[in-house]
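What follows is chain A paired twice: with chain B in the first complex and chain C in the second.
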Partner chain A sequence: MEELFDEIIEEAKSTKSKSKLLVIVDADPRTNPRAAEALRMAGGVSVWGQVAISVVLRDAAARALGAGARELLDGKMFGQFVPMVRESGGQVYLMPDAGAMEEVDTGELLGNVLKEPEFATLTAKFDYVMRF
Partner chain B sequence: MARIFHIITREDDPLPEGVIAAQEAAGHETRVMDLTEAALDSDYSVVLEEIFAADSVQVW
Partner chain C sequence: MAQAARKLGILISVDPEHSNFHRGLQLATAALNAKTEVYLYCLDDAVKGVNDDRVQTLRGHGLRLFACAFACQRRKIVPGENALYGGLTMLNDVMAATDRFVSFN
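Presenting the complex of A and B:
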């Protein structure tokens, strides 16, 4: 059974024209569990391999990549599912507000920060956009 | 240029407004459906038609 599952996953990953989904998260992870749920969904579907998923963490949601992320609501999920998105080939972009900017790891800010005009351009490149 | 269908689900939300304006300025064709103004007995078949006609479906 496990071999069959692995076979299905590998076959799905080899599909050339995957639909592209952009998941935008702007729920505040300090007060709203939707942020962690969105990343759980993105990570889980990424591993499936049928859909190419990238994520934008806007405003307070960027705290999911901060030093105190584990202390947020369902915070353990951030460390678990963000790497799954990346390992599946997806990007995790950041658009932190001033408060989140102080929390986010500086390494995460390098090359991953989007500005508003870039964000609008990015959204037009995806087949689907979902916001949480 | 892409045909982009936007589905609005929150009232007075500035985020999609800015994105839609930028996409239109870039030459994309946008269609917007504000579900916050839809009545309970609305005909949702037009939503399906727009979804299937669009290159990109964006839910806000």
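Presenting the complex of A and C:
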């Protein structure tokens, strides 16, 4: 019982002390290296476990989870840092435009796609929102 | 007993010519004037502004200045003594240890 109590206290402490940051990426990764830089930042910070980070890839930025992601600007970063966000407990959501929808892996579309109303609700749950 | 100063974290990732770089510095100025501790992390294109006179003037007024070493390396900027250069662990510390965090991208 004592162990359980300690666990609950530790969990409460860690949940309470963590800031929640949502990184919204809408830079086009075909032409703008900021999309990769945003994911590098999200992965590189979330791995320390002190800030809870989730990411929304909007419009063309959703191509970062497409079959040809490695060919995009700094494309190898997508394969490196998207898993890092997820392994740290964060979510990577998608709001692809029509073009990106055709590129994104089907598996990624299942359960990760947000619609505008859900996106609005989601942003309200975070302490900070950052847009790249 | 004196109260601990509030801490503000600022991330800037745009080029020093971008209006948001200037806005970030304006916020830092206002916060320093209000006796807030300000921690500024320059990421991506913002590392080009580390030696900017506006930034260094704020540093002289107490701004804690950090810059992304990776972004400098990619831009062939040689780190000097005008800022503390480091990785994303520093940005993590700025985010986690400040009372408020604001970004200018």
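Quick note on the criterion: the second predicted complex is superposed on the first by the 116 of 132 C-alpha atoms of A that agree within 3 Å, B and C clash if a C-alpha of one lies under 4 Å from a C-alpha of the other, contacts with A are read in each partner's own complex, and residues count from 1 in each chain.
Heads up, the rule we're going with is that a contact is a pair of C-beta atoms (placed from the backbone, for glycine too) under 8 Å apart; a residue touches a chain by one contact, two chains touch by 3 or more.
From a predicted model like this one, the values you see are computed outputs, not experimental measurements.
Contacts of A:Gly44 after superposition: chain C is touched, whereas chain B is not reached.
Touch criterion met: A:Arg34 reaches chain C, while chain B stays clear of it. By the document's definition of touching, both partners, chain B and chain C, reach A:Arg131. In the overlay built on the shared chain, the residue A:Ala120 is in contact with chain B alone; chain C does not reach it. With both structures placed on the common chain, the touch criterion links A:Ser19 to chain C but leaves chain B unconnected. Within chain A, the residues touching chain B in one complex and chain C in the other are 127-128, 130-131.
Only residues 2, 4, 15, 18-19, 22-23, 26, 28, 55-60 of chain B touch chain A when the two sit together in their complex. Only residues 11, 13, 43-44, 87-89, 91-93, 95-96, 101-103, 105 of chain C touch chain A when the two sit together in their complex. Contact residues of chain A toward chain C in the complex are 18-19, 21, 34, 37, 40-41, 44-45, 48, 50-51, 127-128, 130-132. Against chain B, the residues of chain A that register as touching in their complex are 26, 116-117, 119-121, 123-124, 126-131.
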